[in-house]
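Okay, so chain A shows up in both of these, paired with chain B first and chain C after.
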Partner chain A sequence: MEIFWLLPILNIAACVLTFFFARSLAKGKAHLFTVPVVGFSWLVALFATGQVISGHEVVSQSVEWFDFGAGSLRMGVHIDGFAVVMMVVVTSISLAMQVYSISYMRGEVRYITYFAIVAFFTAGMMILVTADNLFLAIFGWEIMGLCSYMLIGHYHEDIANSGAAIKAFLTTRTGDLGLLIGAIICFWMVGTFDIEAINLAAFEGEFTGHMIEVAAIALFIGVIGKSAQFPLHTWLPDAMAGPTPVSSLIHAATMVVAGVYLVARLYPVFVEAFDVAQATGLRSVHLVALVGAVTALVGAFLALVQWDLKKILAYSTISQLGYMIFGLGVGAWGAAVFHLFTHAFFKALLFLGSGSVIHATHTQDIREMGGLRKVMPRTYWTWIVGTLALCGVAPAAGFFSKDEILAGAWHNSYQWVWILGVVGAFMTAFYMFRATHLTFHGEYKGHGHPHESDNYITGVLISLAIPSALLGFIGLPGQLNRFDRWFEPEIIHEVVEKYGMVKEEITSETYLLALVSLAVVGLGIGLATMLFLPKWRDSWVPGGLHSGWTRRAPLSYGRTLLENKLYLDALYGTITLWIRDDLSRASYWVNQKIIDRVVDFAGTASLALGRGAYLFDQEGLDGFYDGLGVGANRSGRALRSIQTGQVQQYAGVLIVAATLFGIFFILVN
Partner chain B sequence: MKLNFFLVLSAFLFSVGIYGVLARRNAVMLLLSVELMLNGVNIALVAMGVMVGNITGQIFALFVIAVAAAEVGVGLGLILLVYRNKQAVNVDEVDLMKG
Partner chain C sequence: MEWFEDSALSIATFVPFIGALIMLVIPKEKEDWLKGFALAVSLTSLAVGIGILFQYDYGLSGLQFEVNVPWISAINTRYHVGIDGISLPLYALTLGIVVLCILYSWHHFPEPHNPKMFLILLLILETGMLGTFVALDLILFFVFFEIVLLPMYFLIGIWGGANRKYASIKFFLFTLFGSAFMLVSFIAMYFLSQPHTFDIVTLTEQGLDIARSTGIWVFTGLFLGFAIKVPMWPFHTWLPDAHTEAPTVGSVVLAAVLLKLGTYGFVRIGLPILPEAAATWAPWIGLLAVIGIIYGSLCCLAQTDFKRLIAFSSVGHMGFVMLGIATLTPTGINAAIFGMVAHGVVTGMLFFLAGSMHERYHTRDIPRLGGMINSIPRLAGVLVLISFASLGLPALAGFPGEFTSMLAAFEPAPGLDAAAFRVFLIVAAVGTVLTAGYMLYMLQRVAQGPIPSEWEGRRFHDINSFEYASWTPLIILTVALGVFPGIIFNVTNETVAPLFTGIFG
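Coming up: the complex of A and B.
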């Protein structure tokens, strides 16, 4: 663990080497530089995980960076269980994604630059998760933002892609402003950027006045931007313009969870500021839980209506990030971080799987896919594992992590959040199986002959499918939970103890909650299968999807469920119609009767005023300004003679003047 | 006592620099003289800093050196362009700004 500080530097070195020497030394095989480095980092991270599990001390080492009078800034690493977990996520996904890219990006433009930026990105994320102070963390945070921008715009020949890159950059920058302000407030209050010190100060209530609320809100704005929370989530779907492996690394597994990481890392600040534990007894709706829950639901709803495979996954990522954020918001720290951990694996798996599909079919539109199960068996089965994990079907990883968040919400008396979360789980199951059925089942509807991807791609998919399926078992509920015991930092433990945030025991309630969410997920999967599995769909919806089945009288068993769907459409339709007809009629009336009158009056009044002003202008002001002009002209002509254009005369005047000033001040003092 | 030696050296360098800036005609020499002035100031800063006993003076001197390097880069670039356009390095031949 002591050599952790070396890993970001190694990755940056790999980036530089790749950039300058890959062409000459490795004949353009840029991955020869970056893959070994990230592989080494991965091994170190795994080794460190072993050490943390066996009870290794927290490693904290730092050197002075620079001294700015009022204090000094240190640069160092703080490696506790949480940092190690994040390192495992970063290095695993980065390694998988880079190996995958060897095949996926072969023959693409800017192959070398691509690998260099990916290595740089990996270094940035490592800096963020190991940083011991906020300043260094922001440093890593910004490196990621830059790399994200460059990679989204990888195919910048298409103007839409560079537009998406700019949008992503600017949106996250909007949030970053908040982050910067928050960090500065923390520095102001605590006198250091050191994260541990800030946490301790927040925990012991050393923030004066309402500064902790201000700091937390500012920091949270940064989180909203980076982690694509409502209402700044709009950049993430557009960011899908980048190559698919980039989406899997940056826009699913690592960079977008940076915000979640920040909240989890500065958890005492957020707990104290937003009263997560409801310690004052007020059932206040607080910001973190609210934003997270709304995002979880909005993301899921938006994923429902997408036809673009990657966009479905993007909205799904937004939704899952919402789960993590509200998990932190309701006080379920361990569950939220555990969900971050498992989500990274199964969502990266899904993205890479979608990349494999897109590679084979040359389209992202799921209406032009179908029947790929037979031609791409490995992609199909790994996709199924990822989907089950994302939906939260036991015993895949997502079941344990998501359910723990929901259980945390229930136990900490956030029932409204729990309801939103369960609805989100239903939607998740529905949209994922909709995508699965349309992509992999039925008949192929696209062009050409898709075929299974090569061993690089399928190998990566399989090696990500294994953790996606099995990782859940380290986060079993109650006393069986190893994840919290291994990786929860000291300060978080103290916060949880202080406010008595419930560490649930396994009771009958645990099973009940799990059963409820399993039932809901089953319902979602069943409904999606009924509506979208081609074999079955025809019996429920004759004529198929494109014949306007939602408008027909629903058939037999699927009736209620279809009605639900209809209800949604009707709701959307009503809103749209209302906006189109009633609202426009109302606004027409307002326009004619009120605004017009006001405008007329304003017109008449300003005409009268204008006449008066004209007179004043002509007679009064013109004379004055003419006088000014003439004056300026004359004085200019007079001063012109001292502008000789001779540099040395100017220098002479300067020196004489400075000397005179010097003498003057000496005499005055 | 020793401080005075440094301050005298500093003042001397600064004066030589001023003389150069005011009297030399060659633009390159002008730049060199400016460097002399800056280094005179640097010596004063470092000496004072050591006397007071903190490192602020040294940090400041480092900043001055960095800025001076940048300034020389820009200055030489300007001189080069002026020479290309007017075939002159003497500053009194360059009076485009004459009013």
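Coming up: the complex of A and C.
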């Protein structure tokens, strides 16, 4: 753990080396620079996990950075169990996707740039999760934003892709203004950017007035942008324009969970500000829980009507991020972070699986797929593992993590959130099996002859399928839970203890809740199978799903609403274009036609005045000034050959203006 | 090293001027001599400047390398120069930028060519700028401040673009107009001080024992002089025209150094001598600053001329600098100085890029450009990097200044309306989104996309060696300032904190 500070630096070095020397030294094989570095980082992270489990102390190292007046700042790392978990996520998925990319990106344009930026991104996420202060964390946060922008726009020759990149950057940047303001408020309340100090101050109620609420709301706006929460989630589906491995790393496993990470890291601030524990009963709106739950549902609903395999996964990611956020919002810290952890593996697996499929079929439309089970068995079976994990089928990883979030909602008296979460679980099972059946079962409906991907790709899929299947067992409920005990930071533990937010023992209620959600998931899978498994579909819905009853109101209204993405994209698009084209032109019109006209008018008027003064000067005072003017005239003549303006006249204006102001001055005095 | 302490500033400041005089006698046809000589002169000045950087005691708050001798005794004006943490970064920036400009110009002298005149003017300009940053006497300051005008006027008026006549006169008159008011205020300060003095240090120490309203009027004069130079909204309209028409090097110097003369004036003269009046003015300055941020960004979105876009972006960036100054806190002023240097490096670099792009495409019309990542990859890479620095990405030079400015706005000096400044903070934060918006929109049209049919099959030179030479220092600084903001903050804070703590309100 003591050398964690070195890892981001190594990754940045790999990025720089790749960028400048991959062409000359490695004949363009950029991965030769970045993969060993991320592999090394991964080993260090695994080793550190062992250290944490065996009770290693928190590591805090920092160096003097700079002093800007109101306070001095140190650059440092704070490595506790939570940071180590995040490092495991970052390095595992980054390693997996880089190995995968060696095959997937072979022969693609800008191969070198691609690997360089991926390495830089990895460093950015590492900086975020190890930073001991908010200022440094913002560095990591924004570096990821930059890399995300560049990778989404990897194929920028198509304007839709560069547009998607801009949309992603600007939407998260809109959220970031909240992050910046929230960090600033925390600084003034606590006197430092230090995360530990901010947490402690929040825990002990040292924020004055309503500043903790303001700070928490501001920070949460940043979270909404980065973690694609409703209503700023619209950039994430568009971000699928980037290469698929990028989607698995950045837009599923790491960057988009940065917001979740921030809430979890600054948990005391959010708990106190939004009364997460419902201890005081003062505040009726539980912002974090509400936004998370709404996002979980909206994401699931929108995934229902997608035909693009990657977009289904993108909306699914939005929905799952919603689960994490509302998990934090209902006081289930351990469950939410555990879900972040397991989700990273199975969602990366699904994205990489979809990449394998897309590679084979050259399309992203699931209507043009089908029957791939036979030709792509490894992809198929790993996909099934990922799907079961995502749906929450026991004993895959997602079952334990998602179920604990729901149990936490119930335990902390958030029954309304629990209901929304269970509905979401049903939808999740439904849309995932819709996608699975259309993609892998029945007959192949596309072009060409798809075949299984090579060993790089299937090897990575298998290595991700194993944790997706098994990781759940470290997060069993109640006293069996290892995850919280190993990785929960001290301050979080205190907060959780203070409000009794975690249920310690396993009771019949635990089993009952688990059974309910399993039953709901089963229902979702069953319904999807009835409707979409080609063998069965025709007997249940004669004439196909898109005829008859689904066409009638009110179902068709709902479908239209979803197909238009709740009209949010249209709304934001209209606003953005209005600012970009209309408001900007109006401002420029004001500039040219009003402000600048005043200036031109003043110029013309002074010119007239100057001519008058010059006349007066020539007629009246020339005797005196002639003597002085000789020298000026000489140099003036020399310059006149090249200059065009008549500076003498303006000097006259200057004198007039100065005199007027001087007289005014004397009068005022 | 006593002699160095006594003479270093004067040498560094006047070497370019003396060099310019000597160049007058070098025949016009000996272009290589002229270029070499000008470069040697600016390098000499830079070398002395580096000596100053080494000899400067970073632990002290006061003025160093001070020289104070009588100059024009009839009006009690002295040749008083010195340097401290406020002026040092700007002084160093000026010394460096001029060298890079000469390097960049090597094979790029714009029409009507004439390197001799061009370089002479550039060197005179350098002396003017350097002098302004070290002058500690109001009249001396004024003289240097005005010396800057003339060479720049000619650079724009002779080597400028199609509309150079209008732009150069506008630039000259607009700034001269402000200077007139500034001069009146200087004279007023002289007569209102007891005993009468033009000395900035003395005026700062003893303050002006005058009525509040008088102070406000004196400050108004200063404000007009400095705000036009910055330029603050709504006095900015000379800037886009001057920048668009100026030759590349002129734009670079204008953006990197000239605009800072105004903000520097506020920090050196306006705030310390007239703190009470400054406190009265501060909310209004803050308001104009944030209007400038939003307004400048919106105007950027409407631009189709690459250079004009960068010019308007200066209005926005200088808004952040002025917001920092308006908070009247050491933090805000540190942020402002950081912002000045960062803007100098980043925007200066953007103008270099604009020049090089124009050289290759012979147009600056954004809709006609495109696909630079594919046609001129290295140049495009630098453009992307610098654009992100300009939009305030952390770890690059633009961020620390802007962020600290906003940080300071949350808690302005006691006596200022905190609520108003917090509103400014939010408006400024919205400005950062708009800034990102126009920069990315520009990149989408210029760097990304397919190569337009107009340029298809055309081979462009990528970055050449003179461009590398003049850009590398700026690129390194862009990253270094972002990662280690202490390079500036640690220098400025030592001076700013004692000077501006507890003098307002």
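To be clear about the criterion, the second predicted complex is superposed on the first by the 539 of 669 C-alpha atoms of A that agree within 3 Å, B and C clash if a C-alpha of one lies under 4 Å from a C-alpha of the other, contacts with A are read in each partner's own complex, and residues count from 1 in each chain.
As a working rule, a contact is a pair of C-beta atoms (placed from the backbone, for glycine too) under 8 Å apart; a residue touches a chain by one contact, two chains touch by 3 or more.
Given the structure is predicted, the values throughout are model-derived calculations rather than measurements.
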Practice problem: Determine, under the contact definition given at the top, whether A:170 touches first (chain B), second (chain C), both, or neither. | Solution: second
Practice problem: Go through the superposed model and pick first if A:27 touches only chain B, second if only chain C, both, or neither. | Solution: neither
Quiz item: A:449 contacts which: chain B (first), chain C (second), both, neither?
Solution: neither
Exercise. Mind working out whether A:210 is in touch with chain B, chain C, both or neither, as first, second, both or neither?
Key: neither
Practice problem: Have a look at where A:146 lands relative to chain B and chain C in the superposition and call it first, second, both or neither. | Solution: second
Exercise. Using the touch definition from the top, say if A:185 reaches chain B (first), chain C (second), both or neither.
Key: second
Quiz item: On chain A, which partner's contacts cover more residues, chain B's or chain C's?
Solution: C
Practice problem: Please identify the positions on chain A that touch both chain B and chain C, taking each partner from its own complex. | Solution: 67, 69, 639, 642-645, 647, 655
Exercise. Mind listing the chain B positions that touch chain A in their complex?
Key: 18, 21-23, 30, 55-56, 59, 91-92, 94-99
Quiz prompt | In the complex with chain B, residue positions of chain A that touch it | solution = 67, 69, 639-648, 651-652, 655
Quiz item: In their complex, what parts of chain A are in touch with chain C?
Solution: 64-70, 138-139, 141-143, 145-146, 149, 153, 156-157, 159, 162-163, 165-166, 169-170, 173-174, 176-177, 180-181, 184-185, 187-188, 576, 579-580, 583-585, 587-588, 591, 595-596, 599, 603, 606, 639, 642-645, 647, 650, 653-655, 657-658, 661-662, 665, 668-669
Quiz prompt | In the complex, chain C residues that touch chain A | solution = 117, 153-154, 157-158, 165, 168-170, 172-174, 176-177, 179-181, 183-184, 187-188, 213-214, 217, 221, 234, 237-238, 295, 298-303, 329-335, 338, 371, 373-374, 388, 393-395, 399-400, 403-404, 406-408, 410-411, 425-426, 429-430, 432-434, 436-437, 440-441, 444, 448-450, 484-486, 489-490, 493, 496-497
